[in-house]
Amino acid sequence: MSKLKMGMVGGGTGSFIGDVHRKAASIDGMIELVCGAFSSSKEKSLISGKELGISNKRVYGNFEEMIIGETKLSEEERMDFVSIVTPNHMHFPPTKMALEHGFHVICDKPLSLTLDEAIELEKIVAASGKVFALTHNYTGYPMVKQAKTMITKGDLGTIRKINVHYLQGWLSTAVEKTGQKQAAWRVDPKRSGIGGALGDIGTHAENLVEYITGIQIETIAADLTAFGEGRSLDDDGNILLRFENGAKGVMSFSQIATGEENNLGIKIYGTKGSVEWYQENPNQLTVKWLDQPKQIYTPGGNGTYPESSEYVRIPAGHPEGYLEGFATIYRSFAKELMNIKSKKMISQDLDFPTVTDGIRGMKFIYAAVESSKNNASWTKI
Amino acid sequence: MSKLKMGMVGGGTGSFIGDVHRKAASIDGMIELVCGAFSSSKEKSLISGKELGISNKRVYGNFEEMIIGETKLSEEERMDFVSIVTPNHMHFPPTKMALEHGFHVICDKPLSLTLDEAIELEKIVAASGKVFALTHNYTGYPMVKQAKTMITKGDLGTIRKINVHYLQGWLSTAVEKTGQKQAAWRVDPKRSGIGGALGDIGTHAENLVEYITGIQIETIAADLTAFGEGRSLDDDGNILLRFENGAKGVMSFSQIATGEENNLGIKIYGTKGSVEWYQENPNQLTVKWLDQPKQIYTPGGNGTYPESSEYVRIPAGHPEGYLEGFATIYRSFAKELMNIKSKKMISQDLDFPTVTDGIRGMKFIYAAVESSKNNASWTKI
Amino acid sequence: MSKLKMGMVGGGTGSFIGDVHRKAASIDGMIELVCGAFSSSKEKSLISGKELGISNKRVYGNFEEMIIGETKLSEEERMDFVSIVTPNHMHFPPTKMALEHGFHVICDKPLSLTLDEAIELEKIVAASGKVFALTHNYTGYPMVKQAKTMITKGDLGTIRKINVHYLQGWLSTAVEKTGQKQAAWRVDPKRSGIGGALGDIGTHAENLVEYITGIQIETIAADLTAFGEGRSLDDDGNILLRFENGAKGVMSFSQIATGEENNLGIKIYGTKGSVEWYQENPNQLTVKWLDQPKQIYTPGGNGTYPESSEYVRIPAGHPEGYLEGFATIYRSFAKELMNIKSKKMISQDLDFPTVTDGIRGMKFIYAAVESSKNNASWTKI
Amino acid sequence: MSKLKMGMVGGGTGSFIGDVHRKAASIDGMIELVCGAFSSSKEKSLISGKELGISNKRVYGNFEEMIIGETKLSEEERMDFVSIVTPNHMHFPPTKMALEHGFHVICDKPLSLTLDEAIELEKIVAASGKVFALTHNYTGYPMVKQAKTMITKGDLGTIRKINVHYLQGWLSTAVEKTGQKQAAWRVDPKRSGIGGALGDIGTHAENLVEYITGIQIETIAADLTAFGEGRSLDDDGNILLRFENGAKGVMSFSQIATGEENNLGIKIYGTKGSVEWYQENPNQLTVKWLDQPKQIYTPGGNGTYPESSEYVRIPAGHPEGYLEGFATIYRSFAKELMNIKSKKMISQDLDFPTVTDGIRGMKFIYAAVESSKNNASWTKI
């Protein structure tokens, strides 16, 4: 089974998320990086390419060149898909062009800079007949899949209350003014879109809730704040949630929660039981029951469902982490591409976040910003 | 030093909170129970009295009899103060009468059935020259006092974000219909007032936030729900918080959070650091810093302030619990009464929750109910 | 039901353990302190008595005076039992005299200074017809009782492996030379006996193991060390354990484990499952199963046995601590005394540690010291 | 930078550790698998090769064929090193042959079947001028490196006490009789050597202790047991430890600790502070100080040393796991090989476990078995 060939847009040397995508793509041995437009500077792109062991002729000055250039190569040689790891404003253009030139795409979240782009993208994906994956990586954790499965099977009864938070502290001070690139584009509406922390991490929280429960958030009342001096985008938010099935909940996210690293956590309460999970200690899922003792599930451990344990790479008790969760998205995406190669058609149920999830995320961003402008009035997603 | 003499209203055999108050009053050896009107039935009251070792002549059929009866005894013999441990609707009448007859009062929360009663009570307390304490017991934990002290001293910088929750699951099913007395009065507006879970545990959360931070909640947007079939009072709530200093936050409480026991937790973020504390594991306070490793403080342990460690009864590493935190309220109340006995005047700063805290709590209940009726519109406390 | 009357030997102002015993005796409202010989100095004893609200005539200059003095009082007035809270060398004399004068005794651990005393004491207790309790307080925790009950009922199968540790750091430096009284007597063989940390905390570990499992340690190989300069008694020890049923295990204790507060922990493995418990977080018992998910039990929580939950004072989720565990010993002792008052005979099964446990502890100390002298050779207890 | 080419011995389809090695080798994008003798059956080897995307001509029937075959290829094409992932008895032969044919080797632990082999191997490595790495993977965790660095720098003062455990429960029942291959060879002395759990996990514990502290274990008193019916090798052990610097400690390992998954944990106490780390939650290191509050360090988090944080792949708060720790061994090994390619000589200090560590491990096994045979008498390593 030969490996799938990946081209990358963005992710040059020093990029946090580019490196994550590359490692995630590598772990399961199904994908190899063959080309890239790693930077908007051809020179920098070449340096990155060299470090990554990519021959110069497969290093491109920009994504347009890459897509055109690869198209000219033999089917055997050219990339199978494009991985897009640029800031938000550079998600739409390369995605659109890649799909229209017959390449599958896997793209970092959020889906796009604007909701309009997102809606257009949905049509482009549909028309292309190609696969599009969005890296809401937290859905790749085995314990997240265990929670989802327990809810799907009805183990927890009817879901009534959902609390989720995503708390970081890295923007507690004005790091964007210190030359920190990661911070700089995130606080810049031109590159981030209308959401700050909302788009960066709030969308992860939104996606996680809807992924695990299978229930959509219907309306929200959002109170967004930019605590950092001079910031035009939110760096903190608190949101009341009402779900389509009558459940209620609350979301809180922040990038000024001093001392927090990557504290994504969720508690979901049903009529029969509840689940609790934290990303910083991802290898345990706490399940609290109406009338039985609390249980702790571990990846591949006693009592886990196959729907969860099939995503575990190593025996129970050996912790898996962020990269493995991320890799699961890539692996499922790769399996689908290989499936298409042999069966010539896309599966009905895709086992990774898609453009549909991306649109939910963008609508969530837009609803939250609108609600917040209207003093946290209830707004439909 | 002879012990202070306590009379009790409510708290007959089988009462949860009456027993808690008695144990809390006993621990530090400063208080003895001398009389009581333990039940609205004289017969039951006598049975409770016998079990508690109270002579029949000091067991009364109701609080009026007790207050009148005790007044007739010699100063040496009669009770020094009344402890009121009845359901909410029976807080105001005995408190008023006791104060007006010259007895100090310590009363369970919330302060009263209605806000009007609360406001009247404030005047009665002021006029009486007596001491009134409200048992917001969670403020008695040493780690809560450590958090408060750190914030007061500015260790955490300016407070910007506060998340608090109080989650229980004991009303997940209709236990009030099974003869469970604790549940029955809590879901009954005539005995509970206009707040359900809101009054029972939401007020604890509100009090904890304002106690630790010293910052008042200014406006709230509350979404209250009665999930339990046939319930007229809320059993769940989510509230957006805006504080007087510009901080933002969120509160979530529930009595239908299946599987939760008594999960009260709080996270407070300042510009320099943050604190995190959970009632079910009360002997550790997590402090996260902007640029130092996370710390764990323990009662009386390394680095704790005297303002916290003076409330610790045993060497570090020996856990204290709920009863000790509760006992701290009683001990501070008792010290004040002894102080008054010798100095003949009330202290300026009382080291326990007072009628002022009680009024805040009642205003919070009223604001939350009003906000919720108006679809979670912002409402001033 | 009138309270039992307690006299105390030792435990004057500033004593750690005396205060603990008094608070533990108070919590459940069954016992009142009526007299004491709180210090070897009459003057200091009077000061302590005053602070404790004991009238001068019931404050004695030494335990002999107290025992004689109380004997002269009317049955109604005189103490029912003596609580002995002195350093180890002062356990035997007052215990012997009290029992021989018809008083029940509750005594701090270890039982005595020497094994000879312990063996003599067993006979004295038997001859006296009085009740003797030893405060191995950790057996009073509800989760310890849950573990014991699970093992008794066979839930864990045959026990095969037991690891226990008790780690403190308070003697990491030479605090005994700084005037710290607690440290001074503990490192002094004349007052402590032949065991240092071994007697002080190793015996707690030994008692906990045998209490929970109901299996006796048969032989041990002990490696004791005095790390502190100039210390003649051990401040650290590691011991291989072999149990009567073929189980194996290891014990590690230390008072030079820098940074540890009161880290007593135990793991017990059977053929079907295992239990794990830590004293610093005593309100959870972790149970790991052969083929089911790990469970967390809490006092009074779902799935706990009545044999455990009957020792819980407050609803699940409200933490109990060290004092409550200690109080459970006092309460069971008090119940037995009341039972004797009405039935005139001692129960077969006493629900608290007795002289038998005390002898086990002393034999353990002697075996460990002998083994260590012989370079950790196997020694029978 | 072109990738290093890896050949693999063992690790066919369904192998646990082979897959781990492949994933670990992939993560950092420095290594590609080019050939293998994945099974002792050529047919099975071909199937594995196909799944792994290796061309048939690079799939060999046994390690001899592979080593010979690869030697014949051009320098550009042939493998750079061999990864050996077979059961213990098959470590020595391929290692010896590979080294003698000019290939570097990375091998799973323990080093060999017998101590004699180990000693011979040391000479072979020295004579070969090639690099040999042993995958004691737990040394790759960033928090392990943080602990090591803190001790090296003297932050904890003089080390006095070390407790380590490695507890698993997967051999609690006779799984070796159910066709479970992993179990079958581990309980078979012909394939495992003289140590059972001792060799499989005890050596990890031994290596971890000596790696972190830099202090050698001098003598041990070991009590090994085979609880499983019919087992000739130990499945459980408890060992008293004495270190070269006077420190004392205890080790406990087991594969019959029912319910445990992969509970490797260590506590190290110095005169100034202590560290505590658990493999199942590897992203936190607890540091307890003599006179400061306890701290929690996280990979790349506040206060970590560069000697630790350079091994972190992703920002603080994103958990890394077992595969990343394992990958760190491969990455350091790969860096050394690349360094040799350019500098033509081996570094003085190798940043991964070497044959020296392997010999320590084998000596530890032999000393423990001897001690245990002599009823846990003290035995020199």
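Order of writing sets the chain letters: A, B, C and D. Residues in each chain are counted from 1.
By definition in this document, contacts are C-beta pairs under 8 Å (C-beta built on N, C-alpha and C of every residue); 3 or more make two chains touch, one makes a residue touch a chain.
Not measured: the values here are computed from a predicted model.
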Q) If every chain is reduced to the average of its C-alpha atoms, which one ends up farthest from chain D? A) B
Q | Fitting chain B to chain C on CA atoms, where both chains share a sequence, rotation angle to nearest 5 degrees | A | 180
Q: Measure off the straight-line distance from the CA centroid of chain A to the CA centroid of chain D, and report it in whole Å.
A: 34
Q) If you average the Cα atoms of chain A and of chain B to get two centres, how far apart are those centres in Å? A) 43
Q. So what's the Cα centroid distance for chain A and chain C, whole Å?
A. 55
Q. Mind pulling the chain A residues that touch 2 or more other chains?
A. 260, 287, 289-290, 294, 298, 301
Q: Name, in rising order, each residue of chain A that touches chain C in their complex.
A: 287, 289-298, 301-304
Q | Interfacial residue positions of chain C with respect to chain B in the complex | A | 1-3, 16, 19-20, 22-23, 26-29, 33, 50-53, 168, 170, 260-263, 279-283, 298, 301, 313-324
**Q.** Parts of chain B lying in touch with chain A, wherever the complex brings them together
**A.** 156-157, 160-161, 163, 165, 167, 169, 172-173, 221, 223, 225, 227, 236, 238, 240-242, 248-250, 252, 254, 256-260, 267, 269-274, 287-290, 294, 375-378
